Amino acid sequence: MNELKTINKDKLHQLFDKLIADGNDVIAPKRKSEKVFFGKIISSSDICYDYIQTAFSAKSSVFPKCEELFSYEKNDNEIKHLDPVFSDKTTIVFGSRPCDSASFDYLKVFFLKENPDFHFAKRYDSTLLISMTCNKSDEHCFCTSVGISPSDTKGSDVSLTDLENGEFLAEIISDKGKKFVADYSSFFENKGDISQKSNKNAKVDIKFDLDKLKTKIKGSFDWDTWDKQSLACLGCGACAFACPTCTCFDIQDEASPKSGSRIRIWDTCALSLFTLHASGHNPRENQAGRWRNRVLHKFEYTDTKFDMVSCVGCGRCIKTCPASMNIINQVISIMEA
Amino acid sequence: MDNIAKNINQLIADGSVDIFIGYVKGNDNRAKAAFFNISDKVDNAIFDASCTQNLAVYLHKHEIKSFAKIGIFANYSTLRAIIQLANENQIKAEKYIIQTMNKDSQIITFANLTEVESYVQANRPAPAAAMIQKLDSLSKMDRDERWEFWSKELASCIKCYACRSACPMCYCSQCTTDCNQPQWIGVPAHGQGNFEWHIMRAMHLAGRCVACGECQRVCPMEIPLGLLNARLNIDIATNFGETAGMTLGADYALSSYKVDDKEHFIR
Amino acid sequence: MCNCNNNMYIPYPMRIAKITDEAPSVKTFRLEFANPDDKDKFSFKAGQFGEYSVYGEGESTFCIASSPTRKDYIECTFRQAGRVTNALANCEEGDIIGFRGPYGNTFPIDQWKGKNIVFIAGGIGLPPIRCVIWNALDLRDNFNDITIVYGARKVEDLVYKHELAEWEARKDVNLLVTVDPGGETPDWKGKVGFVPAILKEAAPSAQNSVALVCGPPIMIKLSLPVLFELGFNEDSIFTTLENRMKCGIGKCGHCTVGPYYVCKDGPVLSYRELMALPQEY
C-alpha cells in the first residue's frame, strides 16, 4: 500500500508558488489557444486543469527538443571540452497522466540500461513527477490496451487524484516522492481514502488484446497492410515528437571552429532523411516502411529488446497527426489480418 | 453522400481511374485523405465542411504518382493548388480526373484546367475575418513588437516539418533546410535556426502559396504560420497583381522577370 | 540516483599524424591521442568503429581501419561525401580532430585460430577488412592460409596501394587484385574482371575457413553464391553493415534494422545473422 495523504487546491498552489520562489522549475499544463501544453509556469495561476491530455508529452523535461551535449573551446591545437551545466534545483512536472508517467519507466530503461546517457540521467535525477490520474478520457485513449490504466501510478513520484471537491488524494509512490512530501509535509494532510479514487477515475475500454497482438505482429513486416494504411502519411515528425516514448535524435554542431557546442535535437524515423546514406541509398525508402518502423518499434522491437512495449496508449500521435493517421486502426488491421 | 460513392464507383468500374483520392471520416471531427480502389472503401466517402485537407499534396507523393490515371475529389484549395502545380510543371493535367462538389451539392467534373480556373475565380471565398484582423494588428505593431511577437511564436517550433509536409507547394526533392553544404539553415529547433527556417519557407512560398491554411492547421504547436504567407500574398498581389493558383499559365512573381521592372537591381 | 558521470558524447582529441591520399577523394588519417592518458585507457578490437568529428561541422562514422595490434595510433579511411568528410579532407597534418569510440561488436578473430581466412573486398570496402588483415598478419602464426581478393572499378580507385604491394610481395599471403573491365591502365599488372569472377577463379578452399566480405551491395550479392558453391556456409561468412549513424551507442535510433542496432549489435555479423534481419540496410 502506498502512503496516502490529501492536499487541497489552495495548498497545492501555495506549494507550487513556494517551489517557484525557491528557484525550482515547475512544468505544468498551460493552455496556448486550443491546445494545452506542458510548459514552465511562473505562477500557480498559469496552470490549466481543463485537459484530458496535453498535446505533447512531458518527455521534454528529461529529453528536451534541443540540448547541449557539450561545449568546446579551441585554441590553436588545444581543445577544451565542457559538460553542460545542469541546474541543481528540482524540476517538478505536474499533471502528467498515468500513460505519461509510465513512459518515464520506459525512458529510464531505454536511456540508462546500457550505455547510460549522462544528460538524461542528470535531468531524470532532478525531476519529480507529480502526476494526475484521469477522471476523463477520450476516444483515442487506449492505455488499458497496453497494460496501463487511468488510475495507474507507475513511473510517478507522487500521484494525485482530483476528488472534484477542491481536494486531491495524494499517493506517495517513490522514495523521491517520499522525500519530497516529507520536506513539504505542512502542505499535506494526513488522511485519505483510496476507495474515493476509483469512483472518480475514468473507464477506458480495452481496444485490443496485447498478447495476441505481440504474437500476430511478429512476421507482419512484409504484409501489405503497411502500404495501405500509410498512404495518407505525410512523413513529418509530428507523431514522434508528440510521443512520450519516441527517443530518436540527431547530433549537430553549432558555432565556429573556435568555440561552440555539439547539440542533440529530436529526430524521427518518420522522416525520409533519417536513414539516408551519404551514397544516396535509403534503406527505408518509402513512407510505408517508415510508418511500419514506428509501429513495429513500439509494439515489437522494444518488446524484443527491453521486454517492454513502448506505446503507452496516450493517443497523442492520433490527435496530432495532420493526416489523421491512426495507430489503433493500424493495430486492428494487423489483428484482423 | 451516396452520389459521391456512386460516382467514384462508376469511375473505377469503367476504368477511368486506377486510384481515386477523396475523403473519409478521420480522427475527431476531421476528415482523412482516402485512396479508393487501393485502401479505402468507397462507401465511406464523404465531402463536407470537415474536408479541409489539401489533397493536392498527395499528387507529388511518389507512391501516388506511379498510378497512370488518378481521380481526385478536390475542395476549393485543392483546386487552386492543382492550378499552381500545373503552372509549375509539377503535374500533367491529362493524368487526372478532377471533380468537386458545388454549393448545391452537385458533383462537377472538370473537362480541363481552364474549367478549373473559371471555377476557382468564380467561387473565391472571402478571406477569413480573423486572419485579416490579426494581420492588421500585426502591421500596426512597431518593429520591436512584431519581432517580439514572432520570437515568442517561433521559439516553440519543434521542426517537425508538418507545415512543409502538408503544404502542396512544398514539393522540393531536397528542401533548402535539408541542404548541409553549405548549411543554409541551422538544424536545431531553437533561436536563429527557427527564424531562418520560417523566413526561408515564407519566401519560397511568396506568390506560390495558395492560401489553403494547411501549414497553420497542421502545426502541432499552434504557430500562426498562415500570417506569414498571407502577408506575403497580399504584398505580391498588390505589387504584381496576381495570386497563386488563380490564373492558369501565370508565372510567379519571384521567378519571373520583366524588362520594365521597377526595381533597379534586377536590370 | 542514476550515478552516471560519464558524458559519452565528449570525444578524445586526436592529432592527425599523417595523411595519405589513397584514391580520388579518399584519404587515410593516422591519428594519435593528443592526451597520453587517453592512449593508455584506449583499446579496441577488429571490426569496431568510431565517430570522427571536425569541431563546428559535426561527426561522421567510419571503422577503425588500423589493426588493434598497432597500439600507438588509429587510422581511418574515408571518402569525401558530405559536410563532415569534406571538412575532414580539408584538415592538415598536426590538426586536432575529435574521436569517440570504439563502438560496436568485433570480428570473432579469437575463434579463428588455425583457420584459413579469405578476405573479399571491393572499392572503399577494404578499410574495415584491412583492420582484420593486419591483425591476422601481425599474429601470422595463429592462422593458416590467408587469401585476399580485392577489386575496384579503376586502378586509381584501389586504396592502400603501397600495402597491396607489400602483401603481394609476401609469401604467406595469397593476394589477387583486380579492376573492373575497362578500368585497367596500360601498365596494370593485376587482374581484370569483377570480384566474384576472380574469387571463383581463385577458388579458396572452404575447409576450415572463414570468409569476410565487404564492399558495394552488388559485389556482396554476387560473391555470396560463389562462396556457397565453394562450400562456405551461413556461419563461415562474415560482413559488416554500414547504416547511417549518429550516436554510435544505441540511442539516436538512426542505424536500426528492425530491432537490430547496427552500432551496438553490429556492425559485424555472420551471413546467418544477416539473413534474419529485415531488408533495411
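Quick notes on this one:
In order of appearance the chains are A, B and C, and numbering begins at 1 in each one.
Here is the rule we go by: a contact is a pair of C-beta atoms (placed from the backbone, for glycine too) under 8 Å apart; a residue touches a chain by one contact, two chains touch by 3 or more.
All of these numbers come straight from a predicted model, not from anything done at the bench.
Chain nearest the geometric middle of the protein is A, using mean C-alpha positions. Taking the mean Cα position of each chain as its centre, C sits at the greatest distance from subunit B.
In whole angstrom, the spacing between the mean C-alpha positions of subunit A and subunit C is 39. Measuring from the averaged C-alpha position of subunit A to that of subunit B gives a distance of 32 Å. The geometric centre of subunit B is 47 Å away from that of subunit C, both derived from CA atoms. Each of the following residues of subunit C touches two or more other chains: 82.
Contacts with at least two other chains are made by residues 250, 252 of subunit A.
Considering their complex, residues 1-11, 13, 15, 34, 53-59, 81-82, 85, 94-96, 98, 217, 242-244, 246-247, 249-254, 256-259, 264, 278-281 of subunit C touch subunit A.
For subunit B in complex with subunit A, the touching residues are 26-28, 30-35, 38-39, 53, 57-58, 61-64, 158-162, 164-166, 178, 186-190, 214, 217-218, 220-222. By the touch criterion given at the top, residues 82-83, 86 of subunit C touch subunit B in their complex. Chain contact summary for the complex, subunit B toward subunit C: residues 180-181, 183.
Those residues of subunit A lying in contact with subunit B across their complex are 32-35, 37, 55-56, 65-66, 140, 227-229, 231-232, 234-238, 240-242, 250, 252, 254, 263, 265-266, 268, 271, 273, 286-288, 318-326.
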